[in-house]
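Structure, as structure tokens:
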Amino acid sequence: MSKLAYLGPQGTFCEAALRLLAPDAERLPCANVGAALDAARDGAADGAVVPLENSVEGAITQTLDELAKGRSLHITGEVLLPVEFALLVRPGTELAQIKRIITHPAAHTQCRGFIERELPGAVVIAGSSTAAAAQEVSLPGSPYDAAISPAIAGEYYGLDAVASDIGDRSDTVTRFIQVSRPGPLPEPTGADRTSLVAFLRDDHPGALLEMLSEFAVRGVNLTRIESRPTGDGIGRYFFHFDLEGHIADARVGEAVSGLHRLCGDLRFLGSYPRADRVATQVKPGTADGDFDEAAQWLGKIRAGLA
Amino acid sequence: MSKLAYLGPQGTFCEAALRLLAPDAERLPCANVGAALDAARDGAADGAVVPLENSVEGAITQTLDELAKGRSLHITGEVLLPVEFALLVRPGTELAQIKRIITHPAAHTQCRGFIERELPGAVVIAGSSTAAAAQEVSLPGSPYDAAISPAIAGEYYGLDAVASDIGDRSDTVTRFIQVSRPGPLPEPTGADRTSLVAFLRDDHPGALLEMLSEFAVRGVNLTRIESRPTGDGIGRYFFHFDLEGHIADARVGEAVSGLHRLCGDLRFLGSYPRADRVATQVKPGTADGDFDEAAQWLGKIRAGLA
Amino acid sequence: MSKLAYLGPQGTFCEAALRLLAPDAERLPCANVGAALDAARDGAADGAVVPLENSVEGAITQTLDELAKGRSLHITGEVLLPVEFALLVRPGTELAQIKRIITHPAAHTQCRGFIERELPGAVVIAGSSTAAAAQEVSLPGSPYDAAISPAIAGEYYGLDAVASDIGDRSDTVTRFIQVSRPGPLPEPTGADRTSLVAFLRDDHPGALLEMLSEFAVRGVNLTRIESRPTGDGIGRYFFHFDLEGHIADARVGEAVSGLHRLCGDLRFLGSYPRADRVATQVKPGTADGDFDEAAQWLGKIRAGLA
Amino acid sequence: MSKLAYLGPQGTFCEAALRLLAPDAERLPCANVGAALDAARDGAADGAVVPLENSVEGAITQTLDELAKGRSLHITGEVLLPVEFALLVRPGTELAQIKRIITHPAAHTQCRGFIERELPGAVVIAGSSTAAAAQEVSLPGSPYDAAISPAIAGEYYGLDAVASDIGDRSDTVTRFIQVSRPGPLPEPTGADRTSLVAFLRDDHPGALLEMLSEFAVRGVNLTRIESRPTGDGIGRYFFHFDLEGHIADARVGEAVSGLHRLCGDLRFLGSYPRADRVATQVKPGTADGDFDEAAQWLGKIRAGLA
């Protein structure tokens, strides 16, 4: 049984994601993304689960930046978790009794409609995380009547949900990834994703177009691009890419090799099954068989046999 | 004299940026970026100054998202402000007496080296902003001995700097922009930037490459690309672009029109002088004169005169 | 009634093409393509009809080269003429009597199967053109029994066809064009072609890719490219392009203007209805209405109104 | 000692090119390009020398078409031969005595200035080739006083040159190639050329741009493109490409393999030293060492070792 670090405390969405990705793993809550990744790096854990992006908030930049530096970690899986907030109370509290609510400001923002409609007179106080808010409510003598938290937090802190799925948008989703130290890659499934971090050798006009052309020419689709500052002044960026396909695929391997030649530094972040199981559409002429056939043809040509 | 909203409270880097951009303007501090932009939109102010990106932290996503929706605002200027932290104390306090420091966690991170070296025994408490931290220290009976804040905050709250420029990196910079309601554009200077927000009509493989090709074919260089989620699920993004040149430039106008035809929705965020005054390198064949000459040539051709 | 020069003598495929393009025109046979074009240039004729390419032999390079230099001429129409050879004889001659055949060597090549099958013992003598061959047969005391010629040549020289459509391939086609001195262009029909000659300003790696990108970005399809030597040494070429669409189309006008800016010299050879009447497929976002709408949008943006 | 077929008769420029390419080879004159190539194919000769392109006339289309079909032949070398015409006469004839000249019409065209200037009263009669013209003059009782021919023809037919290099342009050049049946390729020299024939799988808009992108992405420069009709109707073409570099070069091999995957049919025509000895400029990141390094990197990545 493995041990996985995650963004704690207990009761976070990240813990819920970990349970989906690795139901049997031992769980190690960490104070922040960097600590969770470091636990995976230094062996305190066998891996980590951290958030990568949210369909409303966008990229979790701390994760992007931590994965781009330090010792390499590989993504081995991902999960898309709906962001569903519950209104958690001590057993016996009724909705009408709630006067003081604690939660993280981002959660407050996402549940503003519910509060205005159902609890118009309530005061909302800012906590450090939605899970910590639940913990606060559970403490004896807590000044708070309710927490807006993931439902999972109720289990840990002995709270009941007086209302569920109270977010203003029902379709907000967070993408979590599981990472581990480099090792044998997950097998290709036909519905895979490959993640990379690319640092330009020299930043020149058209450099981004050149990078995208490496993918396009081999029929590899890009599903995400994120630019991040290198730290060396405004106007200097590096890039996170998500591609369709597995590094074991011939077209992906050749495209990524091309990017490696183009870039000063290219970091492989893993090839892993897509959470949505959407199979990669392979453009004619770019399947593994096409590459094999072309390699054999080239071999004959070079040997003077054709 | 105009009135400009900004990200408050008094004493923020944002206020320092505003003073550089518009020394004579009346200043209206706002609680957050959205509030500052709304003040500019609804006429409570003539414009606003907000942060857009930081050379270490990256994009200020709240600014990106607020500019992409709601009523249009135009960027009319930008400034690059070095992030220089001072250690602010009540008059009379000496370095050796400092035991409890308050600041925003991001500032704490960036000054960790100084604290470990100079104040190894001090405790650092998290405040809501670096300017608010200075305000805290200035209150009678404050439990804090010092604040890590912009030097400008000392002026407001009657504090002295016992140490200046204490960040671990001396080259961190934030880019602030000044915005106002749409109106006559700043004149082209030869060293201009144009900002856009592009929403794809339909998200298909190669869409980003197509957008970049619109720029490349007209010799327009891209200086920044930021992807942001549309909110409609993981994998759906829109894009912020910064280009070299002014919308009044023929090549920029044609490229942006091409992008407009390609995109479902394209929002113009302004053309304005670059803070670094770096003149745009114009590729042969893409100067205004070249476009004029080509238009005249085309006119003759279409009229059957050549 | 107009007068058109053509590649003579009387009875050529070129004359047949002329009759299809301008049934009522007076016809002026010329000794070669250059002479026919010069007749159009200097006013000896109102225009000319010359061959441009053949589906088996390829480009008629003399036409390409003559159109690229000297005074401009515009293509105003085209026709695709099947290359159908007839075996022409003096009235009364029967197939079995044919011993000596005269024709142009290219026609001999294309009718080799028929001759081997039907006239295995016949000798084939090379003439200067298929029409001149017919003329030879018609002369009193001609040593030839038959000519392989266009059927039209029979009319002129009083010959009968003992066999028709005797080519080995029934689908060979020649594309003829009608040209005239520059003047009002043919109206767009929705199924038009535009022809250009492009000379590179400086020949550098990737120059051809740049030219093709000018078309691709505006959604303009290329239907033909021919490279021709500039005369300044091996490795220096200029290019003939055929495009889908009319120079009056916004997308074609912008693409051609872009090419004009890119090239040292760009010669417009005309916009005219396609012989095959295949309507141009217009890519979304590249119709005239899309360009108009984008131009209006840009106008508002530049005026500070949006 | 090898035997090479060439475009005869004796005394052609093609024979002069053969002597430069293979001074010691036995020479087999053939009636046309197709016959010379067939001699190489069927073993009547060990190879052949034929013209490929001329700096004024352009491609020798018969050579292009013959190389694209039938059994494969490989180009193993090339030479650039200046087209220098001499005025050849029987020994004793003086310039002032020349009244009747025989030559090929193309040579006539290229020497028109000399004739008008030096021999204004002379008549020029068309012969079937410049070498055959020399042969005519050498015959006893010849009605011709002089031939415009390659100087080499004088040797064969016992003629003297009363004037040399009489062409109007002194810089006309023909590129000749040496071909042989497939076998071990010439070693890479750093100044090589690779020739290909590409047939599209399906002809669609943008197909040519896609083909050029295969080269561009690997930093391979195109030096020549020729389109030729497939024979299946106007508007259907295949392409001859000349590239910088040798198929043994990693970047060329990968680009050509990519083209092979893209095309229905791709024929390799050889990699051979350039006649001009201009070394290939290798773009950063595309040298063999860069490909090796990238392949090793990819190997480690796929093995989970990095």
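As written, the chain order gives the labels A, B, C and D, with residue 1 at the start of each chain.
Quick note on the criterion: contacts are C-beta pairs under 8 Å (C-beta built on N, C-alpha and C of every residue); 3 or more make two chains touch, one makes a residue touch a chain.
Chain identities (UniProt): A, B, C, D = Prephenate dehydratase.
It should be emphasised that the depicted structure is a prediction, and the values quoted were computed from it without experimental measurement.
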Contact distance in steps, from chain A to chain C: 2
Same or different contact residues where chain D meets its copy chain C, judged by the half mark: same
Where chain C and chain D are represented by their mean Cα positions, the distance between them in whole Å: 27
Centroid spacing, where centroids are CA-atom means, of chain B and chain C in whole angstrom: 58
Residues within chain B bordering two or more other chains: 213, 216
In contact (per the touch rule at the top): chain pairs: A-B, A-D, B-C, C-D
Chain A residues within the chain D interface of the complex: 72, 74, 182-185, 201, 213-214, 216-218, 247-248, 253-254, 256-258, 260-262, 268, 284-286, 290-291, 293-295, 297-298, 301-306
Interface residues, chain D side, partner chain C - complex: 53-58, 61, 80, 169, 171-173, 175, 205-206, 208-209, 212-213, 216, 221-229, 231-237
